[in-house]
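In structure tokens below, several structures.
Heads up, the next two complexes both have chain A, just with different partners, chain B and then chain C.
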Partner chain A sequence: MPGQAQDWLTRIRELPLAAPLRIMNVCGGHERSISMAGLRTLLPPEIRLIPGPGCPVCVCPEEDIHQAIDWAMHQDVIVASFGDMLRVPANVARGEVRSLAEARAAGASVHAIASPQDALRIARENPQRKLVFHAVGFETTMAPIAAMIVEGLPPNLLLLNSGRLTWPAVAMLLESPDAGEEAGLDALIAPGHVATVMGPAEWDFVPTRHGIPTAIAGFTAESLLAAIHSVLEQSRTGQAALENCYGAAVRAGGNPLARRLLDTAFSVVDAPWRGIGTIARSGYALKDEFAAHDARLHLPATAGGRKAGEMPAGCDCARVVLGRISPTGCRLYGSACRPASPVGPCMVSDEGACRIWWASGVRAPSAG
Partner chain B sequence: MCLAVPMQIIDIDGVDARCRARGVERLVSLFMLQHEAPQVGDWVLVHVGYALQRVDAEEARATWEVFDQLNAGEHPLA
Partner chain C sequence: MSDSVPDSVPDSVPDSLPDSMSDAVTDSPFPPGARISLAHGNGGRLMRELIDGLFARILGTGIDTRVDAAAIPSDPAGGEWMITTDGFTVEPLEFPGGDIGSLAVHGTVNDLAVSGARPRWLSLNVFVEEGLEIALLERVIRSIARASAEAGVGILAGDTKVVRRGQGGGIYLATTGIGTRVAPMPLGLDRIKLGDQVLVSGSVGDHGAAVMLAREQFGISGELRSDAACVLPVTDILVGQSGLRFMRDPTRGGLATVAHDIASVTGAGVRLFEESIPVRAPVAGVCEILGYDPLYLACEGRVVAVLDPDSAQPALAALHAAGFSDARIVGVVEALAGRVVLQTPLGGERILPELEDDPLPRIC
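Up next, the complex of A and B:
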């Protein structure tokens, strides 16, 4: 561990902790850095680091996944999405195609892409066919997709849009905790690359309206420990405020051009999160002037009648995403659900808490 | 999926740039950084093929140290 990170760890250990503190992060990248650096074992036991809603793939509505699979199987289209999305299973009867990867194995045209530029290239190389880009991501990813849209799309490129905003999920946790359950966090580590694009100000509501200590962190152990120290100090002094511990990339106002592109391409609407329900003003919807590229308007809705929003049977991904339980608290973690044969999306995505914990060597008590 | 990696600009052609990090080269769109007029030699945070923000060389170095530890054997640009 670099010297500056060690210094932060020493300062954290020297802080008098009045009570246990639950610090939530809402970014798969943060959870990966925390898990791989083993920060949980290095911090005092009173500090609990909780992975929260930080995985856009994990909350992509099941009905959107069904839709993408149905189009891939039954329409003369090419479907492209980020690699993680191809392996996310939907609930289907035994023997039916349950993921885009299975659709590809069954002969459908399905491409894993790493960039919106790949979707553009595939569309241009196949002008006779429609290319459906299943767009999934938080603000950081939706801004490049907005750039692609505003720069100009080929006529055969259509979007199935499942983009989401991060802060409304935290607002939902803080403002309307489920009956009988509290919000589940005493402090927040705000996401560094979302704030790089959107600016720090959209996280102000957490300390000002809810009195919850908040710090924006980058992805090094040093930056994460600085943020943890910040929220501990805020908690100790009773002075909740938003501190930016990722000044190298997060500036006031974020990236103003990226925000303008998001505003140009998308409206912000109420949107469903898989297994969780609808969260107010949490979804990006393509604006009317880009209706010519809205896949839902140009392809038949063949997924009608499916039960919407469910996680797979027995899967606790929804409670993992909300930080209600840790990955090892899921009944399937490490037994029925492993990266090679995932049941729920949290074990599929590189951003999913279950996948990250498994990759960093955490095993369920029963699985040894 | 929200993770962005620092890469150094080695050539610029309009809004497209060739960027390099740890020996890997990528074509990166500077479309979202046009207002900052990035130059050859600058480090930028790259996510899904687009530069999100400029960072200094020291931040790039520190971030790559983390990636090198996290991805022993698995290049984040692979």
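Up next, the complex of A and C:
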């Protein structure tokens, strides 16, 4: 309700702020709500809201995207993926097919889907063809995919799995900052949907081990402002703790059924993040008993030799994802890279910080 | 293309249609399952059968199919002539709340209506793809007949072309509309002044959301219907308001794009109030899930009007009284350096950028 959000805003404005505070969010949904509600225009200038690693599409390894495109073009398969994955460009020579959308335009069978159930339906409607579902997402997306796997997939449905976990990226930021660069955050807004599925305890390490004020927020302006107030108050009093500002949706232990399904379908493994490198225990891998549905085992690996770290020339998406720079800090933002002609994934995905900032009217200072 | 059309489209010809039109439903000279061939466009016998057996039969009286040009009857009202032309491509051809036929009639009629004209006549060009089911073409032509009868326009001239399979989206339509000016005052973007109010006649984004959902394999079911309709009942009310400056139907690019036109032509700017903009819950829900902004989605049966500050409230009251209960005053013309600023319910601001990335190719 705007009324309660207004109250939180008043309380935030009344807090004495000792120093500038960088508050990172790690969820594209949070960044979208912040931008769409214009929260940055309402908060005191000392408070900087920083989008962090909250976009699974943005960190999907380049080689996985290549593989999906290659199979769509050269194997007799249908490829299905979430809408924004279709437009993510891979690094290819000029004139080559650089995205699933271009593959579709070139005649490949590529479907944009909004829910994993859509992949199931398309596979059942086309029993004579293999359907490759390129699964990209964080815990909240991978849980329903796990449910689908455990329930039993049609024999022609294969998974190209690029699922990731959220907290390990934050742990990486806090525990092994790049040489010469510090972690870049003074407080954290933890993702409400992820905490609903996985439980809040995953985020305990941020305040307890690192002394960083942390609050779990939902997706309304009210919940986000409550979380911002919470971390400001924690910072002011020097008492870092994990506070839940997402109410009854987040319970200790999360959603036990969803967690059990994730454990049944997937192992947690070290995994590459596009432009960033390998992050320990940050990826979901299909367990052996579901090997019959692992696309990598049943289709030729034709996109080998690609490096996960590969980014298009000049593209700073990786540093945007890590919160090292803001979208407008990238040289390409708004010049070479725009939603209609994206260079990097952050300008494609609805969860990507560049796309969200662009859609909410933020223009590079030089571009006016 | 025909595989993207729902298999069973409800046949929704109302009982109140004139006899000649409902007879057309049962009297088709074409066998069930018949398809368009290239010969239907070659000028010979098959083309003659298509024109007489389908277009003339359904579109009915008044069309002489054997002349090369038709005379425009003089208008008893006698106003200045106004003309508009438009092309229509949409996938799927039939969607909840309309089809390409009704869309074409409404789109053309509405362009005249928001320009302050009374639509009188249409011309109709039909580009049909080889292989299209004739039954689908019949449904679309019946829909054109129904929509033009409702809007009070006659179809005065037409042409048909058949394109090779794979070279067209089933059916493309091109229409020209002719009308006579009825607005007592000239309307235009150049008449807008600082402080003028921006009004919308109903909820925004319904058409764009409905077509998007009908086209993609999203598996989301919702109560989405296109708002495609003739806007004459709205414009008839608004042209009676002395302080009316400008009207437009927010089709491609939606409300945000009309606001941009206002901002760029006036050089001032538009402040929109998010809380006041009517968005139906199913539309907001679908946009939330799919990441679209309803302010940029097409409407096909709405009017955005700019009125002077004294006329806006009376105009709103008149629309409400006529049953347009979702009409709202949604913004104001302000000095904002040519920008469109959305004020959020909390009082925050964000700039609505000009639409660049087409979120929905081929929706109208």
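Rule of thumb we're sticking to: the second predicted complex is superposed on the first by the 364 of 368 C-alpha atoms of A that agree within 3 Å, B and C clash if a C-alpha of one lies under 4 Å from a C-alpha of the other, contacts with A are read in each partner's own complex, and residues count from 1 in each chain.
Keep in mind that, in the parts below, a residue touches a chain if its C-beta (ideal position, glycine included) is under 8 Å from a C-beta of that chain, and two chains touch if they have at least 3 such contacts.
Everything quoted here is computed from the prediction, not taken from an experiment.
Chemist: Just checking: does A:252 make contact with chain B only, chain C only, both, or neither of them? Give me first, second, both or neither.
Modeler: neither
Chemist: If you tally the residues of chain A touched by each partner, is the higher count for chain B or for chain C?
Modeler: After superposing on chain A, more of chain A is contacted by B.
Chemist: Touching A:339, do we find chain B (first), chain C (second), both, or neither?
Modeler: second
Chemist: Looking at the overlay, what does A:9 touch: chain B (first), chain C (second), both, or neither?
Modeler: Only chain C; A:9 stays clear of chain B.
Chemist: With the two structures laid over each other on chain A, which partner does A:41 touch: chain B (first), chain C (second), both, or neither?
Modeler: In the superposition, A:41 contacts chain C only.
Chemist: With the two complexes superposed on chain A, say which partner A:117 touches: chain B (first), chain C (second), both, or neither.
Modeler: both
Chemist: A:93 in the overlay: touching chain B, chain C, both, or neither? Say first, second, both or neither.
Modeler: It touches nothing on chain B or chain C.
Chemist: I'd like to know which partner A:350 touches here: chain B for first, chain C for second, both or neither.
Modeler: Both partners.
Chemist: Look at A:358 in the shared chain and tell me whether it touches chain B only, chain C only, both, or neither; answer first, second, both or neither.
Modeler: Only chain C; A:358 stays clear of chain B.
Chemist: Which partner does A:84 contact after superposing on A: first (chain B), second (chain C), both, neither?
Modeler: A:84 sits against chain B and chain C alike.
Chemist: Find the residues of chain A that appear in the contact set with chain B and again in the contact set with chain C.
Modeler: Looking at chain A, the two contact sets intersect at 2, 36-37, 84, 114-115, 117-118, 221, 350.
Chemist: Could you please specify the touching residues of chain A with respect to chain B in the complex?
Modeler: Within the complex, chain A contacts chain B at residues 2, 27-29, 32-33, 36-37, 54-57, 82, 84, 114-118, 136-138, 140-141, 143-144, 147, 151, 191, 193-194, 196-197, 218-222, 248-249, 251, 255-258, 261, 349-351.
Chemist: Can you list the residues on chain C that touch chain A in the complex?
Modeler: 216-220, 275, 289-291, 293, 339, 342-353, 356-358
Chemist: Taking the touch rule as given, give the residues of chain A at its contact with chain C in the complex, in rising order.
Modeler: 2, 5-6, 9, 35-42, 83-84, 111-115, 117-118, 121-122, 221, 338-340, 350, 358-363
Chemist: Please give the residue numbers of chain B that touch chain A in the complex, ascending.
Modeler: 1-4, 27, 29, 31-35, 45, 47-50, 52-53, 55-56, 58-59, 62-63, 65-66, 69-70
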